[in-house]
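The chains carry the letters A, B and C, assigned in the order they are written, with residues numbered from 1 in each.
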Amino acid sequence: MLQELFTPSVQHALDLAGIFVFAISGALLAVRKNFDVFGIAVLAEVTGLGGGLFRDLVIGAVPPAAFTDLGYFVMPLVAAVLVFFLHPEVERIQGSVNVFDAAGLGLFAVTGTTKAHEYGLGLTASATLGLATAVGGGVLRDVLANEVPSLLRWDRDLYAVPAIVGATMVVLFIRFDVLNGLTSGIAALTAFLVRLLAMRFHWRAPRAWNRRSAASEPGNEGFGKATA
Amino acid sequence: MLQELFTPSVQHALDLAGIFVFAISGALLAVRKNFDVFGIAVLAEVTGLGGGLFRDLVIGAVPPAAFTDLGYFVMPLVAAVLVFFLHPEVERIQGSVNVFDAAGLGLFAVTGTTKAHEYGLGLTASATLGLATAVGGGVLRDVLANEVPSLLRWDRDLYAVPAIVGATMVVLFIRFDVLNGLTSGIAALTAFLVRLLAMRFHWRAPRAWNRRSAASEPGNEGFGKATA
Amino acid sequence: MLQELFTPSVQHALDLAGIFVFAISGALLAVRKNFDVFGIAVLAEVTGLGGGLFRDLVIGAVPPAAFTDLGYFVMPLVAAVLVFFLHPEVERIQGSVNVFDAAGLGLFAVTGTTKAHEYGLGLTASATLGLATAVGGGVLRDVLANEVPSLLRWDRDLYAVPAIVGATMVVLFIRFDVLNGLTSGIAALTAFLVRLLAMRFHWRAPRAWNRRSAASEPGNEGFGKATA
C-alpha cells in the first residue's frame, strides 16, 4: 500500500519537475553568458535532459527517453521562456530555485540508479550511473558555456556527495531486496536533505594535500582569488 | 518522376558535400587556434561528422554512418589538407565557404530529420534531432577548440532558425504524407535561403529582457566588447 | 605457443594498467586546476575510461566495459587517492608517469582497433576508432578542465602519431591475417617506442603553411608566448 504512494504517474510528474528546475539553471547561466534566445533554449534542454540522455546511451535504452517523451522536451522550453522574460525575478528567487535543483538532484540520482539496474548493470555501476544522471546535465551545461564545471570546483558546496548518498541507498535497498516506492522516496529525500544542509552550512570537499606546488602552477589563474 | 531528381546517389553526393564544407570550417578554426596538422585533421573530422554521429547514437544506428562509409571519413581529411596548404586562399573565399556551409546546414537538417523518423522517432523528436544533426558538428568543434559555441552567441547571424525551418517543413511533409525527393529538396533549399538571408541582413535573435542585472554579473568578461 | 604470451588475463592486466596511468594524468590535472577531491576522482575516471566508453558506444557494445568491469571503475579511484595524498611525489616522477602513459597509449590503440574490428567495422574505421580509444580520455579530460586539448596543440610532442602507427599495424596484421597475441604485442610496443622517441627528441607536427594571417587573428592570445 505504502509503495503505491510513489506510482508511475507521480514518478513522471517528479521527473518533469526535476527536468524543469535543471533547465532553469541552464537558462539562467545562458542569460548570464549573454546568449540569445536560442542559446537559452539549447542550454535549458541540455541541462534538463543531458544526464538522462547519457544514462540511456550507456545502458542502450535507445531512443532515449529525452526523445520519446514529448513532455521531457517541452519542460526545458517552458523554463527557457520563463527565464527569457522574467530572469531578474527568477534570479531573485535563486534560493528557491536551488531548493528545487536539490530535489531534482536527489530524484535523478534515485531514478537513474534504478533504471540502470533494471537494464542489467551491477550495483556499483548502477550507482555510478545514477550519479552521472544527476550531475551530467550540469556538467554539459558548463562545458557548453565554456566554464569549468561547477561540479569539479572546490569553492562550491557539496553537490556530488548528496547524489552519491541517494544512489548508494538505492543499491543497498536493491541488495537487501527492499527497494519500493517508499524506500525510493526515502533515498531521494535523504539526498535532497543532504544537499540542503550542504548549501546551508557551506560544506565543501577538501582539495589535495600539500597544494603548494600546485598553487604556483600556471593554469590556476582563474582560481587565484578563491585561493587567497 | 520529379521525386527521382533526388535519388540516393544524389543524396550521398550532397551528404559528402555537406561534410566537406563543415570540415572546412573546422579546419579553418584549427588554423586560427594555431593547432598542428593533426589538430587540423581532428577538428575537421569532428566538425564534419559530429552531428551525424550524435544522431546515429541517439537513434541506435550503430555503428554510425561516420564509421561505415569510407567517403565520410575521407572528405574531412581532404578538407584538412586543403586548408593546411591553402588556408589564406580559403579564408579569402570565406564568403563562398559560408554559402556552402549554409547548404550543408539545410541538407543536414533535412536528412537528419528524415533518418530520425525512419528509426521510429516522433515528429517533434525527429525535427529536434534534425536540428542537432545540422548544428552538432559546429558545437563540438567550438567545444574542442575551447570557445563558446558560436551557435549560442547572440552576436552571430541566425544559425539555428534556418535549420529549424527545414526540419519543421520535413515533419509537416511527413505529417501530410507528401515527403519525397522533391519536397525534401524544397525543405533543404528553404533552409539554405533563410540562412543566406540571415547572413546578408545580419538577422539576429534577441537576448533576454532586462539584461541589466546580467550585464553586471561576473563571467561576462569575454563578451564585454560586444556588449558595449 | 608464442601467441599465448598475450592471453586474456595478461590483456586484462595491461588494460587496467593503461586505465590507471591515464587516470593519474587526469588526477594530476585536477590538482593543478585546484579541484576538490570529487573533482579529482571524476577527472581520473573520465580520463581513464573515456576513450573506451566512446569506442563501446560507437560499436554498440552496451553497456560499455567501463560499466561492467568493476576493476575498470576502481583503478581510477586508486589513482585519485594516490594523487590526492602524494601529488608532489607523483609530479616529481612525472617522467615515469609519462612512460606509463605512453604504454597506455600504445596498448589502447591496439585493443581499441582490435575490438572495433571484432564488432564488424572496416579496417580504416577500426584504426580510427583505435586512435579515438587511445586519445579520447585525454581529450575529455582537457575539455572538462576547460583547457584546449593537449592533443590538438602544436607545442606538444607527437601524441596522435604513435597511436596511429600502432592502430595501422594492427589493421595491416588483420589484412594479412597474422594478428595474434605476439603481433598485437609488437604493434603496442612499436607505438610505445615511437611515443618515447617523440618525447625524448621533442618531435612535433607542423602547423599550417603561411601562418602569418592566422597569427594576427584574435583568439590566439592563449598561445602567444609559445608562438614568440
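Note that a residue touches a chain if its C-beta (ideal position, glycine included) is under 8 Å from a C-beta of that chain, and two chains touch if they have at least 3 such contacts.
These figures come from a predicted structure and were not determined experimentally.
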Validating interface symmetry: for the copies subunit A and subunit B, is the fraction of residue numbers used by both over half? Same or different. different
Copy-to-copy rotation (subunit A on subunit C, CA atoms, range 0 to 180, rounded to a multiple of 5 degrees) logged as 120
Any idea how many Å lie between the Cα centroids of subunit A and subunit B? 29
Where does subunit A touch two or more other chains at once, residue-wise? 57, 60, 143, 146-147
Which part of subunit A faces subunit B closely enough to touch in the complex? 30-40, 42-43, 53, 57, 60, 62-64, 67-68, 70, 73, 83-85, 87-88, 91, 143-147
Please give the residue numbers of subunit A that touch subunit C in the complex, ascending. 57-60, 119-122, 124-125, 128-129, 139, 143, 146-149, 151-154, 160-161, 204-211, 213-215, 217, 219-220, 223, 226-227
